[in-house]
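Structures incoming, each one as structure tokens.
Consider the two complexes below, in which chain A is the common component and chain B and chain C are the respective partners.
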Partner chain A sequence: MGTSTLAPGPVGEAERPAPAAPGPYETKRGKLRPARERAFWPFLLPALLGYTVLFVLPALYGFWVSLNKWAGPGSDMEWKGLANYTALLENDAFRTSFVNTFVLALGGGVAVFGFTFLSMVVLRQAKGRGFIRSVVFLPMIISLIAVGAAIGFLLNPNGAVNTVFGWLGLDPQPWLGPDMVFRCVIGGLVWSSTGFYVALMMSAADSIPPYLYEDAKLIGATRWEQFRYITLPLTWDVFAVCAVLWVVNSLKVFEIVIAFTTAGTPGSPPLQARTVAVQQFLSVTNNGGAPDLGSAAAMGVFVLIVTTVLVWLTRRITRRERVELS
Partner chain B sequence: MRKLTAVLTVGALALSVGACGKKNGGGDSASASKELVYRSSWGADEPQGKAIKALFDDFAKETGTKVDVKFVGRKGNDNLATEMAAGQGPDLFDTSTDTIDRFAAQNLAAPLDDVLKKQVPGEAKPVSEILSKAVQGASSTDKGLAFVPHTVISTAVWFDASKHPVKTPKSWEEFVAYLDGAKKAGRTPIGQDGTINFYNVYWFYSALVRANGEGSMKALATDPAAWDRPEVLAAAKRVEQLAKGGYFQKDFMATKFPAAQDGWAQGTYDLNLNGTWLAGETRPKLGADAKVTSFQLPVGGKDSVEVGTLGWGVNAKGHNPETAKEFLAFTLKKKYAQAMSESALSIPARDDVPAPAHLVGIQKDVSQAKATHRTYDAAAADQKWWNDVFLPIDDKLVSGKSDAAAFVKEGKAATAAYLKNKS
Partner chain C sequence: MSTTVVDRGVWSPRRLFGDVLLPRATTLALWAWVVFNLALVGWVGLQSLKESGEVWISPFGFPDSPQWSNYATAWKAAGFSSAALNSTVLTLLGSFLIVALAAPAAYVLARSTRRVAGPLTGYFAMGMSIPLQTVVIPIVVIKLSVSSFMIDWVTGWWDNRITLLVFQVVLSLPFTVFVLTGYLRSLPTEIEEAAELDGAGPLRTFLQVVLPLAKPAMTTVLVLNVIGLWNETLLALLITPLPEERTLPAALLSLYGSMQYSSDWGALFAGITILVYPMIVLYLWLGRRIVEGMTAGIGK
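Let's turn to the complex of A and B:
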């Protein structure tokens, strides 16, 4: 997944409002083409080489590693075929982490975009929305190390949240216990990443000409209807990109799980809270044990395949909707 | 994906070692003068860092060796194994009983049995007589001595006698009686950072291995039938007794480290089962008049004591292995062991140098032990079994979600399933 998947497709291109005048490009384009074609390889080659050496070859090497048992440079590689993959499928810890990752991607995604759409409905005309947008964005730039430290003060059994619960007459909850901590992780992730998507979607919404909303108001459209029939269709391209970004990011969620659980210690998070990336981290670092790079690489290949499928699905779903709306 | 990238980067590094990476060794220079390169995982301002700096300075002065020491801190050596494998790492590396296996697996730890025969400068004894057998064992792999230790670590039940004077319990019954007494008096007997699973497992591990000796827990990782041994159930029953007895603080499984050990330091909880570093970690909370001391979990049987070590290994692919070995014998001079004890407040590797006051008791436990075992009985060496199979099941036992019988049943089945797929 390079940037190519994120660039608006030709469909979006065609549906943009046409420029007021055709401009001089139409006539010049013919003359430019041969020069462009001549420049094609010299310009492409450095990037292509860089990409091949820095990404494609290591990726293939990673795939090769996934077929072996290997503790890292200096140790012997032992051919295992697909054994690393079959072992993963039978490993409860990996299966749990896989399910967790999906729950996080779907549950977190619904929450993130739910909040994003809500804030687009509410914030579009609100006073000081620039300020509010910055505030919502803020969690994104706070280091997760700081978040991890704060989590203890807030969510420990005798932390701030349970103290407030006590004032309200509610029972204190074991927030960071094995059974609840993953929900807290998802909550934390939604808290920290919603601002990013709000910022992206709002900047797309800002470019919608105001007269469309004035028209809508004149015919008595509610705020929700304005969002449903104006804002959403006209920001759909950006939403499609956001959805792909979310899928890609959520499948590699790692730091926030560590921040909520073992932060700062060489422990392993409880099974209930492990994502695939965490599981992979445990295989690579192995806390002083011999690293199991073959198994870690196999997890990487799994995640790559799943990411590709999900991104493709996301693109499919968002593209079909787009066609329907226009 | 990010981790995949990390894996791939390791691969890429292996392919392009010539192109990048910082060069640490200086062995290819034409001048023949001795050189020694070390990159410490301690910080330069930490007491350990300062003591180590002084040690290297002395070595340079007395032997005319050019030493190159950098203090990069805990995270500064993340890529150390990769650099070492590429032939570009330092001559000496920091390691410990529970991390040496990783270096050994990559053939990066030079065998050090010849250091045992070396004379410690200024003393009539060779290294093999200066270090106790237990300390040597904790610093070895199956191929012999793998690193030379500077510090001994162990596990015990800790209390601050200035806040909760505890009469050392001699038996499990006395221990439980103390817990009951504390509970009756309205206190919480034990503080437990339940989100740290390798602290939770101290209970089962201590109950099993202290009573049954070396190998009794390691066997659980390698042989499903070992789970059927009566001592496994007996140890699990003791943990179950603690879990069901309500001796830990409320919702301890949701307590984020280091809240419980800080609470212990402030006197909120009487006891904390932890490593020899506990008082050091909680020093700011302990208060000036704290009198920290410890006892071994009284479980009877063999009364085996945990012995782990921290020390220096020699990079098998380093440029100056002989100088490194000479240095290792040099580090065992009494004066440096004293510095480790007095300024770094840890138990020195030599047992003829007294540990700081709060560690004198456990130093005695270690040196007088009739039986000893390594950190976690080396069961954590198979980290996949440890993290994916064992610790999750142990967490259920400690938290009271399962009982001893279920623990044994589940442990046996999960270990069998794990071993079936293990390469």
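Let's turn to the complex of A and C:
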């Protein structure tokens, strides 16, 4: 069974490594240590330095930039304090993108885990379950740009979906128009990521011993009840991890929005479909004038804060007494 | 007691819902989903062999005569040849570098009894929860500064593809270190100790004993990184905007963006196929392992 401590959550619980078999015999340092202990720093440093210098320090530098007005290297930085943040909170475009991201995380999350749970009711014993699991996972490895281009073709005003609608006597819909495209984005995202969570949850469900289900059947539990009272409680820890992963991933949705909005609408994605990541990308690339890096960096810090808060909330909501088979 | 008897009746609402309606509807939906996924992949391939008019007129038919020229169009006119080369080199080199950096680090983190090993493992894991958005702006700044610094002071030239490679590698380190540390911890230590007793140094032990033992996990993270780098778009768009520097997702995006003027839909689908099918082949080849690897570090 899963142990929730393995969660890669932002809380970043560092697990203490299991002491390697013959520990250092506490004499003089280095004398009787296994050879691999001597290799500790040489083996670790390249990755540690790269990660620190090019990832962690830039993240901190991003905080600094977010407190300034700056058009990029070569121009002057002007201290603004928290003005970038307050300006963002009053900026309609940013607020819309923020709400959109939130809707996507929440609405998409309900859909993703709704489908995941339903699949778990049947996938334990369905015919061809291995096949189903691997094909459902497939979209995960496909570029979202390609997905957007292919599905975008089907959803085009004169595309196949509207043709089918015509046969059924329904009105054609402007799927990729400003008002509907975001719903299509969420749908596309749910389609492409659910398989991943199905794979995660099912790999946890696989380790539940079958006799539990046999007992449940004997006392007359339906398939739904078997899921509700056996599978779900015993996979809840993994679900908690999945929920955190979903939150982290849904807050950085970018490609699929760009891909869905590239065809129908020249230029930038319509306001109704922007996520924070898209909004930030636009503010760096094609704002016309000089890029406002301070403001864009502040958006990045916002995402970090929201990620942290949402992850914390998710953990609180999914927290409960561990159910464990003894 | 009588209620339970009634309740166990085959057609009680509870049983009808929990044993019949819900499972059947879900199974049906799952198979529909499977069919949709397979059909979509096959359909993209078929569309890529049609003439542009045919793509629109009979989107679900088979091509009259396969138009391989679509691939030639995408390859030459839309710049997919250089994009494919960029993507291939960046992906393979990047994935190799990621594993080359992460594997030794994960090994000592998993094995060391030093007090810093635990916190350092957590320090790497922390990177998985820093959203890309938080580092994007600094990365853009670094990209601009590095290229002007190199051009003005050091080499006289610079290639933004190098910057892209470096950042794609660095940003993938936390996940790779995390997964590999977890895996290496589960390996027995006896063989390494035997190797050390026989006089093998740490590097030799690592290369000749640990790596072969950990081959399944190494393959998994390598493949996962190949998929990740191959599909990566945001950094590629920001760091390498010039046409000759583009990677495949960016090239496809620009081809797609130009569709309203050129309407060469056959070529667009050829582009989609060039981007998607290599990963499908990889998935057919190593599929089970990919799924296990993606779920291993997290689920169990």
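As a working rule, the second predicted complex is superposed on the first by the 258 of 326 C-alpha atoms of A that agree within 3 Å, B and C clash if a C-alpha of one lies under 4 Å from a C-alpha of the other, contacts with A are read in each partner's own complex, and residues count from 1 in each chain.
The working rule: a residue touches a chain if its C-beta (ideal position, glycine included) is under 8 Å from a C-beta of that chain, and two chains touch if they have at least 3 such contacts.
Everything numeric here is computed off the predicted structure, so don't read it as measured data.
Visitor: Determine, for the superposed model, which of the two partners chain B and chain C contacts more residues of chain A.
Guide: On the superposition, C touches more of the residues of chain A.
Visitor: A:86 in the overlay: touching chain B, chain C, both, or neither? Say first, second, both or neither.
Guide: In the superposed model, A:86 contacts chain B only, not chain C.
Visitor: Just to be sure I read the superposition right, which of the two partners does A:204 touch: chain B = first, chain C = second, or both, or neither?
Guide: Once the two structures are laid over each other on A, A:204 reaches chain C alone.
Visitor: For A:44 in the superposed arrangement: first (chain B), second (chain C), both or neither?
Guide: second
Visitor: Check the residue A:138 against both partner chains and state whether it touches chain B (first), chain C (second), both, or neither.
Guide: A:138: touches chain C, not chain B.
Visitor: In the overlaid three-chain picture, which partner chain does A:119 touch, first (chain B) or second (chain C), both, or neither?
Guide: In the superposition, A:119 touches chain C alone.
Visitor: Just checking: does A:280 make contact with chain B only, chain C only, both, or neither of them? Give me first, second, both or neither.
Guide: Once the two structures are laid over each other on A, A:280 reaches both partners.
Visitor: Could you pull out which residues of chain A sit against chain B in one structure and against chain C in the other?
Guide: In chain A, positions 54, 58-59, 61-62, 65, 72-74, 152, 248, 251-252, 254, 262-263, 266, 277, 280-281, 284, 293, 296-297, 299-301, 303-304, 307 sit in both the chain B and chain C interfaces.
Visitor: Help me check something: in the complex, which residues belonging to chain A touch chain C?
Guide: 2, 6-10, 12-24, 34-40, 42-44, 46-48, 50-51, 54-56, 58-59, 61-62, 65-66, 72-74, 118-119, 121-123, 126, 131-146, 148-150, 152-154, 158-160, 196, 199-201, 203-204, 207, 220, 222-225, 238, 241, 245, 248, 251-252, 254-255, 258-259, 262-263, 266, 276-277, 280-281, 284-285, 293, 296-297, 299-301, 303-304, 307-308, 311
Visitor: Touching residues of chain B toward chain A in the complex: what are they?
Guide: 1-4, 6-15, 81-82, 84-86, 96, 98-102, 105-108, 194-199, 249-257, 259, 317, 380-384, 386-389, 391-392, 395, 399, 414, 417-418, 420-423
Visitor: Write out the stretch or stretches of chain C touching chain A in their complex.
Guide: Within the complex, chain C contacts chain A at residues 4, 7-8, 14-15, 17-19, 22-23, 26-27, 29-31, 33-34, 37-38, 40-41, 43-44, 47, 56, 59-60, 101-102, 104-105, 107-114, 117-142, 144-145, 148, 166-167, 169-171, 173-175, 177-178, 181-182, 185, 189-190, 192-193, 196, 200-203, 205-206, 227, 230-231, 233-234, 237-238, 248-249, 252-253, 256-257, 259-260, 265, 268-269, 271-272, 275-276, 279-280, 282-283, 287-288, 290-292, 294-295, 297-300.
Visitor: Could you list, by residue number, the parts of chain A that touch chain B in their complex?
Guide: Interface residues on the chain A side: 54, 57-59, 61-62, 65, 69, 71-75, 78, 80, 83, 86-87, 90-94, 151-152, 155-157, 172, 174-178, 180-181, 248, 251-252, 254, 261-268, 270-271, 277, 280-284, 286-293, 295-297, 299-301, 303-304, 307.
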